[in-house]
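Across the two complexes that follow, subunit A remains constant while its partner is subunit B and subsequently subunit C.
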Partner chain A sequence: MENEIVFSVLAVVAVVSAIVMISAHRPIDSALSFIVTLISVAALFGLVNATFLFVVQIIIYAGAILTLILFIIMFLNIKDENLPEEKYKNRWLLVTSILILPFSVILINLILGSDIAVNSVINENLGTIKDVGLTLFSQWILPFELVSILLLVALVGSVTLSKRKD
Partner chain B sequence: MLKAYMILSIILFSIGVIGLISRRNIIVIYMSIELLLNAVNLSLIAISGDIGNASGHVMSLMIIAIAASEAALFMSLFVVLFRKKGSLDANIFDILGNKDD
Partner chain C sequence: MNTFLILLPLVLTMLYSLVSVPVLVWMERRIAALIQDRLGPNRCHIKGIRLGGIIQSVADMMKLVFKEEISPSHIKNKFYYLVAPSIAFMSAFLTFMVIPYADNITINEKIYHMQALPTDLGVLWFLAFAGLGVYGIIIGGWASHNKYAILGSMRATAQVIGYEVAMGLSLVSMLITYGTISLNEMVTYQSQSFSMIPAWGIVLQPIATIIFIVTAFAETNRAPFDAAEGESEIVAGYHTEYGAMKFGLFFVAEYIAMAASGALIVTIFLGGYQLPYLSTTDLINHFELVLWLIIAFTVVSSLIFLKWMRKHNIFAMKGLNETKVYTTIIIVFTIFAIIVMSYYALGFGHAGAVGVMILQFAIFTVKLFFLHFVFIWVRWTLPRFRYDQTQKLGWNILLPLSLINIFITAIVVVGVNYGN
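Right, the complex of A and B next:
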């Protein structure tokens, strides 16, 4: 029962801060409210015993990626005249919401009508660092190596891009 | 509980798509993409906890790694484009198509 209450609070916080994120005018406001979304999603991970992913989400997403965005926003010294004008922003948001709404209603109806897992048994060991590590290094070893190559390529690419002078 | 997680994931994904389509500020567009990835992560982890298999956790770990490399590339692109154009409007970033630049 407590799980349901915690879930509802976290879900409301995540959705509200995501809406603030897409509708704020200044990028620093959206970045700060996106941090709230990320942390509540991390807490939702913790609620289903995904302890390792909880830590990774907080360290990498909220700690590294969002800090990088905040650094960039502060370094670039963005003023109001650098921002796009977006005169019809609210109208665009409304029109797009009306366009997207039928698809999400169909999907939600699909989920509600399906017979997936009403009796979720939570295994205590699932999601610990040992379990995730064993799965990662036994079944997923090739994707792991490919992701490391991808990270190397992204590192080299970003250094090359930002050092180029023209 | 799994259904609630899936519904929340759908709602977050829809919010991300709305932001992705209707905004013109590239930083907000980038954060909407991150929101899409997060919504997918949420449903992967909920399903994975439900069927009792850690593969979903590993998949979302991969997604987080891909998001990190994407963040690095996006940030360097922001810096380069902002220096060149002095704006964050997604509509004026068309230097791939113009020869006279």
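Right, the complex of A and C next:
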């Protein structure tokens, strides 16, 4: 019962802040409401006992990536009069949400059929550091290594691009 | 007893963070005065009792609380402006939650954790909320609509991003060494000793210790890395537009962040609540002997303190005679403590587990305050780094050094385990 109350509060906060993020006019409002979304999603991870995912979500997304985004927003120092006008924004939002509706029905059906929805915690170890580590390094070792090579390539690429002399 | 033992670590967290702030401010000023060869604040008193000057910081706190709340008229985003100090304060406070103050205690076959939040996440929890703390500075600087404030918060952000990487990597090498992320298990690991040397983190991993301490200074924005509030260049940096208790929250947050990183350094590198060579079970098994040693130590130290106090406390005040009051309090307290301790030491009562727990709190507190002393000592000894030097130190020296350290640690750990 308590779990359901906490879940509903967190879910409402996550959804509302996500909506604010895409509909806000100023980039800083978007960035800050995105932080709220990320933290409430992290708390949802915590609710299903996935402690490692909870803490990694906060360290990497809320702690590191959003700090960089905010840093860039502050660095550009955009004034309110320089922002685009966005006259038909609400109309666009309405049209896209109607277009997306069928897809979200499929998505909701898919989620309702999954293990987590049926019994809230599948097993005690889901998402703890040991479980995540064992799964990553035994079952998914090849994709994991490929992703890390991809990240390395992106890193080297960005360094060479920024060092290029025109 | 049950509720008490569960609430105890929470109360201790409040004590070590919020309540210790006036003491830390007092330490900061008196040690600064000591280093600069002057006296520091020591005149403020209540009926002649000065407590060495602590009353001064209480008065300062009262001033901040009762000052008029002013918010400048040019601020357009009131919400962000007001929420920023509380974000800084909250995340600093939350980092404290996972520090173990004593070993897990078993009473009536129930295990109580002496952590405010008994989770296995340990170090990761600290990293998560230490990283969130910078949002207070970013949002505060941005909402102030002031060039100095924005410059200050940008400096702070860039610095935290740079040093968080090195901090995380130096912690990774500690995780490889201990083989766990739970802080309590780390402390248990450090109770062993290799021949004569205790297996503390500082002995096993001196490079990681140095990197972590340097990055902890940078993360908490304390000197020599406090370019974010460099008053000679950018007035007061990110809190230029803040006054009264809004500034007070930033101020308290800085001290709590310092206390939290000090506590983490104690836990990971300085053996936490352990005495060298003595594990918790040893202490419980030889509790009577330990108590006799503590009694002897109490008598000697309170006599020395009494003599020192009577010689130096010569400043005449109106009101009560301070020296007399202190002498009475010290003598009464020492006699009371000796009576209580000898009651247990002579074997009339059994309080082994609880007694060892209190002893471990005391050890932790002593180590923590030693770390506070180091933080303050460094602040008043080293000059502030120029900003580009700060960045260069973070990215060009600490980051490669911690990567090399992880590499060597991994090789050694795998080699040792391979032999077994």
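Everything that follows uses one rule, which is that the second predicted complex is superposed on the first by the 138 of 166 C-alpha atoms of A that agree within 3 Å, B and C clash if a C-alpha of one lies under 4 Å from a C-alpha of the other, contacts with A are read in each partner's own complex, and residues count from 1 in each chain.
Basically, contacts are C-beta pairs under 8 Å (C-beta built on N, C-alpha and C of every residue); 3 or more make two chains touch, one makes a residue touch a chain.
Bear in mind the structure is a predicted one, so any value in this text is a computation, not a measurement.
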Combined model on subunit A where subunit B meets subunit C, clash or fit:
fit
Partner chain(s) touched by A:S97 [first = subunit B, second = subunit C, both, neither]
first
Applying the touch criterion given at the start, work out whether A:I129 contacts subunit B, subunit C, both or neither, answering first, second, both or neither.
second
With the two complexes superposed on chain A, say which partner A:L68 touches: subunit B (first), subunit C (second), both, or neither.
both
Using the superposition on chain A described above, determine whether A:T37 touches subunit B (first), subunit C (second), both, or neither.
first
May I ask you to name which of subunit B and subunit C touches more residues of subunit A?
B
Partner chain in contact with A:V55 - subunit B first, subunit C second, else both or neither:
second
State whether A:L150 touches subunit B only (first), subunit C only (second), both chains, or neither.
first
Once the structures are superposed on A, label A:I141 by its partner contacts, choosing first (subunit B), second (subunit C), both or neither.
neither
Per-pair minimum CA distance [subunit C against subunit B, superposed on A] in Å
13
After overlaying the two complexes on chain A, where does the subunit B footprint on subunit A coincide with the subunit C footprint?
52, 56, 64, 68, 75
For the subunit B and subunit A complex, residues of the former touching the latter
1-8, 10-19, 21-25, 27-28, 30-32, 34-35, 38, 41-42, 45-46, 48-55, 57-58, 60-62, 64-73, 75-80, 82, 86-91
Residues of subunit A that touch subunit C when the two form their complex:
28, 32, 35, 51-52, 55-56, 58-59, 62-64, 67-68, 70-71, 74-75, 77, 128-129
Give the list of subunit A residues in touch with subunit B in this complex.
3-4, 7, 11, 14-15, 18-19, 21-22, 24, 27, 30-31, 34, 37-38, 41, 44-45, 48-50, 52-53, 56-57, 60-61, 64-65, 68-69, 72-73, 75-76, 78, 82-86, 89, 92-93, 95-97, 100-101, 103-104, 107-108, 111-112, 116-117, 120-123, 126-127, 131-132, 134-136, 139-140, 143-144, 147, 150-151, 153-155, 157-159, 161-162, 164
In the complex, the residues of subunit C that touch subunit A are 80, 119-121, 124-125, 127-129, 131-132, 134-135, 138-139, 141-142, 150, 153-154, 157-158, 160-161, 164, 181
